[in-house]
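The following pair of complexes shares a single chain, subunit A, combined with subunit B in the former and subunit C in the latter.
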Partner chain A sequence: MTRSPHIEAEVRALISEIARQDASLIRSDEDLVERLGVDSLQGLQILAGVEKHFDVRLPDDDLVHLRTVGRIADRVQQLQHGGRS
Partner chain B sequence: MRIGLIAMSGVRVRNAELAALGVTLPQFVSRGKVIASLPSLGLLTVAALTPDDCDVVYRELGEVRCDAPLEPFDLVGISSFTAQIDEAYALADRYRAAGVPVVLGGLHVSLMPDEAAAHADSIVLYGAEGAWPQLVADFQAGRLRPRYEGLRAGVFDSPHYAVPRFDLLAGREYNRVTVQTSRGCPLACEFCAASLRITSSYQQKPVEKVIAEIRAALAVRPAPFFELADDNTFVNRKWGREFLRAVTPLGIRWFTETDISIADDDALLDLLADSGCRQVLIGFESPDAHGLDGLDPRNWKKQRSARYLESIDRIQSRGITVNGCFIVGLDNHTPAVFEMVRDFVRQSGLLEVQVTVQTPFPNTPLYHRLRREGRLPEGRYWDRCTLFDVTYQPKRMSVEELESGLRWLFGELYNEREFLRRKRQYMEIVKARMQPGAPAVTKTW
Partner chain C sequence: MTRSLFTLSDIARTGAGRFRNATALEDARGTHRLTYGELWACVQTSAGVLRALGLAPRDRVLLYMDGSPDWITAFLSIVHAGLVAVPIPGQAPPELARAAAWYAEVKACVCGESTRDAGSRISAVRCLTPAALVASDASPVPVTTATPDATAVLVFTSGSTSNPRAVALSHDNLLANLRSLMEVRRAREGEALLSTLPPSHAFELVAGQLAPLAAGARIVYAGTLLPNRLVELMRGRAITRILSVPSLVEVLAREILGILTAGGTIESTCRESTIEDLASAFRRMEPPEQGRIRRAVRNCVGPSFRNLVVGGAALGPVWADLLPGIGIELEVGYGLTEAGPIVAVGFEAECPSGSVGRPLPGISVRVDVHGEILVRSEGVMQGYFKDAAGSAAALEDGWLRTGDCGRLDDEGFLFVTGRLKEAIVTASGETVYPDEIEPFYSSALFAGHCVVPVRGRDGNDVPTLVVEPASTDTSDAELQQAFLALRAAAPPRLRAASMVRYAGRFPRTALGKIRRRALADSLAREGVPA
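Coming up: the complex of A and B.
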C-alpha cells in the first residue's frame, strides 16, 4: 500500500505541535525518541492525538513500537482500511 | 588548595529476593536508575560556596574498595544517604589514615552527628549555607573546628546563597539535572527524613534565583530534563503561579514533588500544564483513610484521602502525569493492603507508581516511636534503609508477610502488561480532554 501523503502530513503536524519541533525538520523515518528527543509522555500524547484525530484505536503493541512518522502514518492507513498489517 | 567533594551514589537493595526481582521489573528498574543517576545538588552547592582560590573536584562513588588508590586532596568532603553511610565512613577513615582531613555532611550526618563525628575531622550540620565558607577559612588558617552548623532559616538569602556549580557536571551523563526551589514541608509526616529535618520552617527560594539556576544549568547541558529537588514545591500558591509564569518561556521539561492539594487550584494546574511540567510525584502513602490515620500531626493526608481519585483525574486530565507513591507497612496496614494498593492504582489511572516500605530513618519521629515500642533492632541497621528492605517489626503483620506482600505487589504493578494498561488508561484521559473534531495540531493539553 502506498503511503498517503495527506495522512503523513497530518501526523507530522501533530508531532510538531506536541514535541514543539519545526514540522519541516521531522523526517519520515527518523526515530522520534532518539533523533527528536520526544520523551515517553510526549509519545503517548502523540499517539492519543493520532487516535483522536483519525478516529482509530492503535493496538497496544504500537504504544511501544511506533516511533517514526512513517510507521505511524502507515498504521493509521492500515487501520482505516480495516486491517493491522 | 585542592578540595575533593565526594557523593556516595550506590544505594543497593539488601534483600536478595527483591534485588533479583528488580532486575526483571521494567518500570521499577527505570525509576531506580533515575534516582541513582541524580547528581548531588548538595555538593554542587558546597562547591559554589567554596572560595575561588581553591580547586574543587566533584566525584560520585558507587562503592568503596579498600584496595583502590585514594585520589590526592588537601581536604575531602563526603556526603551520603543513610543506606550507604557506612561506606562513607570507611572512605573517610581511609583518607584520615592517609593524613587527609575529612568533613562529613548531609542529612544523615545532621540526624546522627555524634556517630559521624567519630569518622571526621569536622562535620557540617544542616545545610552548607552559613557554614562552609567559614569552615574553609578556618581550615586554611589551621584552626578547623570539629562541628559547624549551617543555617536553618534564611538559607536562600544573600550572602549565604550561591548558584550551584552545574559546570562541574560538564562531560558527564545524567538523566536529570536537579534544581531546588524550597526546603522543608509543612505536612511533617512522621516517617519523613528529608529536608524537613534540617530546616526550622519552610524555606522558599525567590523565583528569580530559581530561574537563574535553571539558566546556569542550561548553559552547561543543553535541553536537560530538570527535577526540582523539593519535598513539596507548591506550598505557596502565589509563589507557584509566579514561578510557572517565569519558567514557561524557557521551554524546559521538568518533574517535581508536591502534595495533592494542587488539584484544587485550576489556575495553577493550567499554568503547570503549559510550563513543560511532565510529571508530579505525590505521596499518597496509603489508598485508604484508615491507613493514613496519625501519619501527620494534623491528619491532613487522611482528610484528603476521600478525594484522591478525583484529584488524580483533575491533574492528569491536563496531560500532567502523576507518579503516585505508596508506603506499605504503616501501622494500620494488614496484609490486605497489597491488594488495596493494586486495585487503587488500577482504578486511578496513575501512569507511574512507586511503592516503598515504611523506613524508620534514624532520629526521625517514627524512629523514636518504634524504638520506644521495642519494634526496632538493637543495633544499627542503616545499610538496610533502602526504602525496600524491612527494618522494623510491623504492627499488624509479620516481617515475612510484609516482605512477601511487597514482592507480590511489585509483580502485580511492574510488568509489561500492567504498564501497557496504564499507558492506555492515560491516553484515554488525554483523548477525553481533546475537543471533538479539533484539528490534530490544536494544542489541547
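Coming up: the complex of A and C.
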C-alpha cells in the first residue's frame, strides 16, 4: 500500500503540536525518541492524539513499535482501510 | 476483618466468602472478568499446577508480566502454594528478566503474551502462561502451606542489571502494612479502582491490589496508558479511585483540558497554558464559573470519580490547589519498598503544605540527629536478599534507615526534605543512580563529567550531566552535540535530561574522585535550571 501523504502530514502536525518542535524536518523513518527526544509520556499523548484525530483504535500490542512518523501513518492507513496489514 | 488474614492468599479466601458474586477483577476491554468466587477457585487450581511442577516450598517464581487480572491471580497462586513471587514489570527488557531470574535463582516463570518468548529463553526455568496455570487436571490446593513469617515476595528496587537489589517481604510484613493502611483508608464495597501502575512495585501491590481486594472493591486494569483511553475507562467503568505517579497526573490533566477546550467549556488558548497559569486563572474565577468547570470535568471523568492517590515522587504544589477546586480529592503519602512499603498518608487538603501526611497506625517514625527518617513497624522488610551487609546497614536495632531526610511537626505530620543517598527519583517515580548513568557519557571533549540531581519546578529531581570541557576552546554547541549523541545511545532510563557546562575545575577528593554533592550544591547556588 502506498503511504498517503495527507495522513503523514497530519501525523507530523500532531507530533509538532505535542512535542512543541518542528517535526517537518525529520525523516519519516527517524525514531521520535532519538531524534526529537520525545519522552514516554509525550509518546502516550501523541498516540492518544492520533486515535482521536483519525478516530481509530491502535492495537495494544503494536503501541511500543509506533515510534516513527512513517509507522504511525502506515498503521492509521491500514486501520482506516479496515485491516491490520 | 483483616485480623482473619494470616497469609496473603487469605485475602482471596475470605473475599470469596464475603463477596462471592461481586466482580473482583476486570481488564480494559471488558472481556476478562473474575468474581471473588472465581478468583479464589483460580488461585487454588493454579497453586495446584505450580505444585505439580515439583517445586519445593519457598522456591522462587518469576512473575514477568504487566498488571492484569492474570497478574494478581498468578501472584496469589504463587504465595498460596508456599512459593515466593519475584515480580518484574512486563515492560522490563529480556536481559533484565534474565538477570533477575539468575540473581533470585528462580525455578519457574509465569509470563504474559508479550513476555512469553523472553521468558521461555531463561535457561533451566519452566515457563508457564496464565492459560497453563488454570489447567483443570491439577488438583486444587485448598489450604496454603505458607507460614506468616515466610518470605512472600522479592521486590527489585534497583533497575540495573549490574547491581541488583531485592527486598524480601514476608506475608506478615505485607499484611501488617495492609492492616495499618486499612485502619485509616478502607475502600468500600462498590468502589472501583483503575490500576495504572506496575503491580511489581510494592506501593501498587499493597495499595492498588491487596487493599481493594481485602475490602471487596473492583479493580479495572488500564492496560495501555493512552490518556484518551484512561478517561474513557474512568467514565465508562464508574471508576472511583486512581493510584498514580505525578507524570501521569499531568498527562491526564492535559487530556481533560483538551476535551474541555474542544467542547467549548474553556477557551482554546488554555491548551497552551502551564498548569500554574491554569490554576491561578481558576482561582480568579467567580464561584458560578468554577462550578461550570467542575461539572464539565465531572462529565469527562464520570460522576463516581473522586479520589486520586499520588505516590512514587512529589507532585508539584500547584496541584494541591487545582485538584480539590475541580472536585477531585488528592491523597499524598510516603513510603519505600523496604518499609513494606507505606509509611505515611494524608489528604492533601488536611495536611500542612509540603507534608506527606501522618504515619499510619502501628508505624513508628523518628528523625535522627543527622535528619534521617527512621521507620519501625511490622511491615519493615526481612532484609535484602543475599545481602547481609546491606541489610545490617539498613536495619539498626529494629529501625529502618530510609536514606531520606525529613522532619515531624508538633501535630505529627511528616515532611520529606531531601535524600541522604545519591539516588535520583524522577517525576515518573523511577529511581536512578549517578553511577548507573555516568558510564554512558564519556567523550574526548570532556575532561570530567558527572551526573547530579537538579530540582525541577515540580519538586522532582532531574538527572543532569555536568561536564568539565577538556579545552576552553570547545564551544557550547560542540559540547551539546556530543551530549546529544551520547544521550541517544544510552538506554532510555539512563538518559540525562540536560547538560551543563561547568565553569572551572570540578571539586574532587584527594583521590581524584569528583565530589558530586559539593558540585550539586554549587550548581544549586548558581540557580541552574532543570
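Following the convention adopted for this analysis, the second predicted complex is superposed on the first by the 85 of 85 C-alpha atoms of A that agree within 3 Å, B and C clash if a C-alpha of one lies under 4 Å from a C-alpha of the other, contacts with A are read in each partner's own complex, and residues count from 1 in each chain.
To be clear about the criterion, a residue touches a chain if its C-beta (ideal position, glycine included) is under 8 Å from a C-beta of that chain, and two chains touch if they have at least 3 such contacts.
Note that this is a predicted model, so its numbers are computed, not measured.
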For the overlay on subunit A, clash or fit between subunit B and subunit C?
clash
Between subunit B and subunit C, whom does A:60 touch in the aligned arrangement: first, second, both, or neither?
both
Looking at the overlay, does A:3 come into contact with subunit B only (first), subunit C only (second), both, or neither?
neither
Pick one for A:34: touches subunit B only (first), subunit C only (second), both, or neither.
second
Looking at the overlay, does A:16 come into contact with subunit B only (first), subunit C only (second), both, or neither?
first
Residues of subunit A touched by subunit B versus by subunit C: which partner has the larger set?
B
So, A:47: does it touch subunit B (first), subunit C (second), both, or neither?
both
In the superposed model, identify the part of subunit C that clashes with subunit B, out of 131-139, 239-247 or 293-301.
239-247
Both subunit B and subunit C contact which residues of subunit A?
37, 41, 44-45, 47-48, 51-52, 60, 63
Under the touch definition given earlier, write down the residues of subunit C that touch subunit A in their complex.
113-114, 223-229, 247-248, 250-251, 254-255, 428, 487-488, 492
Residues of subunit B defined as touching subunit A within the complex:
223, 225, 251, 253, 278-279, 319, 321, 351, 420, 423-424, 426-428, 430-431, 434, 438-443, 445
The residues of subunit A that touch subunit B in their complex are 10-11, 13-14, 16-18, 20, 37, 39, 41, 44-45, 47-53, 60, 63-64
Under the stated contact criterion, what part of subunit A meets subunit C in this complex?
33-34, 37, 40-41, 44-45, 47-48, 51-52, 58, 60-61, 63
